[in-house]
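Supplied in structure tokens, the structure appears directly below.
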Amino acid sequence: MKIAVPIKFVPDLVEELTIDPNGTALDTSWLRLIINEFDDHAVEQAILLKERGGGEVTVVAAEAEGVDDFLYTAAAKGADHLIKLTGDFGSGMNSHAAARALADLLKDSKPDLILTGVQAHNDLDGAVGPLLAELLDMPYVGYVAGVSSTNDKAIARKEYPGGIIAEMEIKLPAVLGIQAAEQPPRYVAYNRIRQVMGTSKIEERTITALDLSGGVTASRMFQPESSQRATILEGSPEEVADQMVGILKELGML
Amino acid sequence: MEITLSPLSPSVSKTFYASIHEMLDGERIRKCLQCGTCSGVCPFGYYMKYPPGKIIGTLRSEVFDLVMKTDSMWMCVSCSACSAFCPTQIPITAALMTRVKEEMILAGNVPAELQTALRNSQQYGNPMGESPRKRADWTTGIQPEINILGKTRQPVDVLWFVGDYASYHPRVQSATRALAKILNTLGVNFGILGPEENSDGDSQRLAGERGIFEMLAKKNGQTFRKYKFNKIVTTDPHAFNALKNEYPALGISYPVQHFTEFLAERLAQIKPLLKNEISAKIAYHDPCYLGRVNGVYDEPRELLRSIPGVELTEMSHQRANSLCCGGGGGGMWLDGFQWEKAHVRLSEWRVKEAISANANILAVACPYEPPRFEDATKTISSASHLKVREISELLVESMGL
Amino acid sequence: MSQDIFVVIEHLRGQVADISYVMLAAARALAQGTGGKVVAILLGHNAQELAGNFSANRVLYADHPALAEFTSEAYQVTLASLIREQSPRAVLFGHTTIGADIAGGLSVKLSLPLVSSCRTLNSNGKFVCQICGGKIMAEGDLPSPTALVTMAPGGYKLEEGQSDQAPAIETTAIPSLDDLRVTLKHYIEPEAGDVDIAKEPLLISVGRGIQTKDNIEIARELATALGGQVSASRPIVDQGWLPASCLVGKSGKHVRPKVYLALGISGAPEHVEGMNESDTIIAINTDPNAPIFNVAKYGTTADIFDLVPALTEKVKQAAGVS
């Protein structure tokens, strides 16, 4: 079983986000990037599948600050191949362009299963997974928490609201959008990552041109207005607690 | 709890036993008397399936894999009490417990809470996962303004290594601001690194993440080299320990003092400023990495004694025999785990000792402690009168700043 | 090429999902500008009666056994032929476990532009999307010729998409649905015996800010004092600290209690869509910029570990007095 996991880095929401002077994009000068949480789960799910049934895991990422460390971490967890897409992304990257670049790369290596995070918080033109599936003429099922597979099919547990799970059978090759791995992403000792840095190679593939079509451009970006915001209760914890008791009484909860 | 090791993790082999003997003083482990003192003095020794003495036993009988299959190792708070009382003087904490934790981490046997703190340390340079850009936010409003070296690039006498909890934790920030006011009042020419400061990494090291410790130390070392200063003063005993005993081996060597030592040297200047009486019976808690590990017992007490109205009292565990607050060696990030296992908090035990000593203030000198002990006073009914104060906070109160 | 707005109705096991009404309301706003009609697209099997309360000019109904329950491929194949044939101005999908599974594939298959995570659509043809965990809004012109849009909840009230007058239903032709690569095996019910948080009038919900499994106890104590139940956001359930039946959000339950008290929840859209219909939301989060404060009526940046125990005490006192 050949498993490919395309991952992406997203702005870290721990930092305050600001809009660039043109008002159309995030200000990248202060941006810190971090692995998309769902992609981290996709990597974990791929490793779990490999541990259970054997196979080869390839993790693919577009170049960004911190990506090398993440790829080596994936290798330390058990990923076999690491690929970094490089190129001039100055004109911006969107999910459509990323999906096309990935389809180009993966159409030759022909993975049986592609796992990717079900979404990323900065997708403005949809998640990469469903786009990639269609480009490779593979079926797609998203919001998956739990996968098992045999040679020619996968059983995915798709999560619906209300705790209902649908067991979907999907003919391989296929793309699955991972909502959560069967266990939280495992911890890898930093020294093990450092060891892997000496023994694993990140293969670089250059993307010559990005095709952004199918995506959208924002003419304005802004932060939600403060008028929509909550009435903030101020004071010491005791004082705030008093105000809350008052509110709960007013609402008839006390 | 029985742990299933990840199939990808290498089996723990005899090489581990060999490797710990290769360490400095590791040879002493062979001389272990199996007297059990270490397990007796260990605050969680009664609970651990394999307390230190038994671990050495498993190494001798080549069944060390048994240790790796339990998670009771994560009860160790690296307080170094075992090392201090070992009649054979085996450096148990450094040579054995920390190494076992390293093996646990390599094998992927890491409680979830600890994983989060370690990931945060790697990603953000602090275990809480706070924004590095906000590391100096606590300085807002302090006059004269605190010198952040990356902004002013002025040479200073003292580089104040503020540390994680002192920078970010809302309760501890009040102590940090107090120390800043004292330094300003004393006219100390000092600066801080602010967003360029990274966690000292010592607790991560003692929790078995040597790799992250080295990464953080390297980053701090590179930052130190950018600026001119004569010495480093730390808020945190763990940072003090790292800079004094661990960083030099990585080529990062500077004169370093804990803030209580630094202030005690200036007692003649401080004494006349202590105008306000604090009429209280104070018990001082010796932090493991200030007292037992680095021998600083008297300076904090001298500072407290110089405050008019203060009467010092001692708790039953004191000085070299001090009782850990429970936050060391990763304990800060294993609170839920340890509670779930033992249903005991060392901080609560300690607060009860302060009450038995008739104290109405528990004085501390480590940023881990104000929140830990204050939480404990809230759950112990007889502790409602007990206040937890950092030494700087008491000095500032007496100075009327 | 028409100026109509298509709404792909979502339903699961005989129940129309709330998002369908949100989309109908959004489509109405957009259609006012384009001058087109609101067309509800209903895919199912013996499911006409679901359309009874749609606020739509008409319903296009595709009936086939393979469409009885949602599967991505059958939906995509059916919708592709419909969209190709009728070229509406826009097609709205839920930004949900259903809509987000199929909109992307159709964007590629039909070479049509896709806008995702949209919150509102205006009569002047502008979209407003919510990205970056709710911290950033992105506005732009709806792309041509046919814009595919996934809609997140929050911008419209359900009632705006409902009507007393049943719309006209038109049955549409179905392309071949043989040889499908995705099939539904069966549904697995949530574990029985768990409390149904969707039925509770008061929820104390915990998020990442609670830090440890052990700390959930302070939420439980408050819930006991108030007579409510504890629920959670995704990370808490992923850690295994609370069962999946406690999960509020996109992949969990959609709840509408009288009071929803959020402890240490940042308010990512995936969580918010499960709780923003609550009567009163009260949020406690130390980050003053947390998006949860955009949906909460009351908020505080006090530390949960100081505030919640104090609140529990006061609630107990107040309950004792009355």
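Labels A, B and C are assigned to the chains in the order they are written; within every chain, residues are numbered from 1.
The criterion applied here is as follows: a residue touches a chain if its C-beta (ideal position, glycine included) is under 8 Å from a C-beta of that chain, and two chains touch if they have at least 3 such contacts.
Please read these numbers as outputs of a predicted model, since none were measured by experiment.
Q: Which chain would you call central, comparing Cα centres to the global Cα centre?
A: A
Q: Name the chain pair with more contacting C-beta pairs, choosing from B-C and A-B.
A: A-B
Q: So what's the Cα centroid distance for subunit A and subunit C, whole Å?
A: About 20 Å separates the centre of subunit A from that of subunit C.
Q: Between subunit B and subunit C, what's the gap in Å when you average each chain's C-alpha atoms?
A: Between these chains, centre-to-centre, one finds 46 Å.
Q: Roughly how far is subunit A from subunit B, centre to centre by C-alpha average, rounded to an integer in Å?
A: Here the centre of subunit B sits 36 Å away from the centre of subunit A.
Q: Would you please write down the residue numbers of subunit A that are in contact with two or more other chains?
A: Within subunit A, residues 16, 184 contact more than one other chain.
Q: Find every residue in subunit C that makes contact with two or more other chains and list them.
A: Only 239, 303 qualify.
Q: Which subunit B residues sit where two or more other chains touch them?
A: 112, in rising order.
Q: Subunit A touches which residues of subunit C in the complex?
A: Residues in contact with subunit A: 12-13, 17, 69-73, 96-97, 100-109, 111-117, 127, 129-141, 143, 150, 181-191, 198, 201-202, 226, 234, 238-240, 244-245, 247, 250-254, 258-259, 266, 268, 274, 279-283, 288-289, 291, 293-303, 306-307, 310-311, 313-315, 318-319, 322.
Q: Where on subunit A does subunit B make contact in their complex?
A: Going by the criterion above, the answer is residues 14-16, 30, 34, 47, 51, 77-78, 184, 186-194.
Q: Please give the residue numbers of subunit B that touch subunit A in the complex, ascending.
A: 6-8, 102, 105-106, 108, 110, 112, 115, 118-119, 122-124, 129-131, 133, 208-212, 215
Q: Which residues of subunit A touch subunit C once you look at their complex with the stated criterion?
A: Result: residues 11, 13, 16-17, 19, 26, 95-96, 99, 118-119, 121-127, 129-131, 133-135, 139-143, 145, 155, 157-171, 174, 177, 179-180, 184, 213-224, 228-234, 237-238, 240-242, 244-245, 247-249, 251-254 of subunit A touch subunit C.
Q: Which of the residues in subunit C end up touching subunit B in this complex?
A: 211-215, 239, 286, 303, 305, 309
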